[in-house]
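Common to both upcoming complexes is subunit A, partnered first by subunit B, then by subunit C.
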Partner chain A sequence: MRPKTQWLWQAFSGLLLVFLLALHLTVNHFAAGGLLTYEDIVAYLAQPWVRVLETLFLLTVTYHALAGVRGILLDLNLTTAAARRVTLGLTVLGVLICAYGLWLFTTL
Partner chain B sequence: MNAEEYRRPAPRLPAPQAKEWLAFSKRGVGGWAFLLHRLTGLVLVFYLFLHLAVLSALARGPQAYQAMLAFMDSPLIVALEVGLIATIAFHALNGIRLVLMGFGVGVRAHKALFWVAFVLAAGLTALAALAMF
Partner chain C sequence: MAEVTFKIYRYKPGAIDPPRYDTYRVSIEPHTTVLDVLEHLRLDDPTLTYRHSCHHGSCGTCGMLVNGKEVLACVTRVADLKTDTVVIEPLRHQPLISDLVVDMTPFFEKYEPVGMPYIRESEYLPHSQPPEEVGAYTRFENCLECGLCLSACPVVGSDPDYLGPAALAAAARVVQEPRGQDVPTVLAMVDTEEGCWRCHAAMECSEVCPNDVDPGGLIMFLRRELLTGTSRSGGKR
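And then the complex of A and B:
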């Protein structure tokens, strides 16, 4: 991807996160006047559209976070080979994080 | 493309530039905004890992999760959460500012917009702190 395209995706995922993160914080922290109980969370995630939004949030935030870290590392004067290893490593990490997050949903 | 051209490494930043983002001298408002955005981004990445690790209690069932909540219910953790809200609020609002700049909107007011983002973030954090304590 060209740097300009990468920035556009960072900007787009960031703007999407404004809404998804605001929703996440409101529902999980402020709505019930504190942290949710286990039963609250199960009931919350039983709603299909909530699953969709929380899943979208997991994928978006993981992408935005790791793409951001990649950008910072690529600022460190890396060789082309090292930059490739960074991209590969962060991609694998991202897939693992998303797989773990999706698995966590299935346990509820 | 011949082989030599193919093997030529991509252009690299001159060495001093690579660490410039962490330097503390000769920084304007834009420079501080950049540093703060980067540091808040890294803090949020760290929090994301921690958060997902702590949530593994969900997979270990209701008892494990309630025990985790009991641990979280301390003034120190709530204070840290207020710090987290401040971090998110600044990164999000300054992020919106950066997107506007990227599309050439309000570029000439970029310093004023930084302070708008900063003050709004402080205000949101204060409101959240009131709601949480």
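And then the complex of A and C:
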């Protein structure tokens, strides 16, 4: 990805997060005291639109956070090879995080 | 007259090595500047080195850290600092030569290839009609090439390959007012990982810039320009 495109995706995912994070925090933690029991959470996540939004939230926050960490690590004057390793490592980490999150949905 | 303690960073390769701080007590008047103090001390110790020329904030050579902040020594009054102890150190992120003198070569290696013209259209006389032989009123560009912004920028500190605020600001000025420079070439120079996309918008550069260049704002201008190609008309000044 060109640096310009990377920045655009970072800003776009950040914008998405404004809404998704607000929604996630409100429903999970604030509205009506938050989801406090296992049963509450399972019932909440059983709704199809919630699954769509929470999946989008998982993908967006993972991408945004790891791409942000990459942007910071690249400030450390890495060699091209080290920068490539950072990108690869963070990509693998991101895929693992998303896969784990999506797998958790299937266990409910 | 008030007495103020000055702690001055001293370093000379092979002579004052490792570096140390020398302490002096100096009486100051309300208008005494940091540069005045250094010149006074130098009468007793000719080995104390610092850079200066104009004494009025226009040559950009007297940049240093005063109480940890990047300033031009010649326009920084000691009384305004409001501290009993004033710590004077060389600028950060640039190779140190001696005492308060840093090597500006890396600065100019990044700044000069941009090729910013030194003059710009004057915004101060919008209503006056210039004489025919003049054509349009011009004035000097704002950037003093002092390097304060490079010292303040955290990214310059961690990544020596980063183009840095001064060169990026100069590039933005070329885009805003090319005066014969080739805009696509300059845009290509800054549209890189080590160009305007490396900045984290900490805006420390704009905070310390002594002449309102606003490098941080100009970096954001470059990004808008690269993303939309339409902000040219929105260019300030």
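Heads up, the rule we're going with is that the second predicted complex is superposed on the first by the 106 of 108 C-alpha atoms of A that agree within 3 Å, B and C clash if a C-alpha of one lies under 4 Å from a C-alpha of the other, contacts with A are read in each partner's own complex, and residues count from 1 in each chain.
By definition in this document, a residue touches a chain if its C-beta (ideal position, glycine included) is under 8 Å from a C-beta of that chain, and two chains touch if they have at least 3 such contacts.
These figures come from a predicted structure and were not determined experimentally.
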Dominant contact partner of subunit A by residue count, subunit C or subunit B: B
Touched partner set for A:P3, first subunit B, second subunit C, both or neither: second
Partner chain(s) touched by A:P48 [first = subunit B, second = subunit C, both, neither]: neither
Contacts of A:T80 with subunit B and subunit C, given as first, second, both or neither: first
Intersection of subunit A interface sets (partners subunit B, subunit C): 7, 72, 75-77
Contact set on subunit A toward subunit B in their complex: 7, 11, 14-15, 17-18, 21, 25, 29-30, 35, 37-39, 41, 61-62, 65-66, 68-69, 72, 75-80, 83, 97, 100-101, 103-104, 107-108
Residues of subunit C touching subunit A in the complex: 155, 158-162, 191-193, 195, 197-198, 200, 223, 226-227
Of all residues in subunit B, those that touch subunit A in their complex: 9-10, 12-13, 15, 17-19, 21, 38, 41-42, 44-45, 48, 52, 55-56, 58-59, 61-62, 65-66, 69, 72-73, 81, 85, 88, 92, 95-96, 98-99, 102, 128, 131-132
Residue ranges of subunit A touching subunit C (in the complex, touch as defined): 2-4, 6-8, 71-72, 74-77
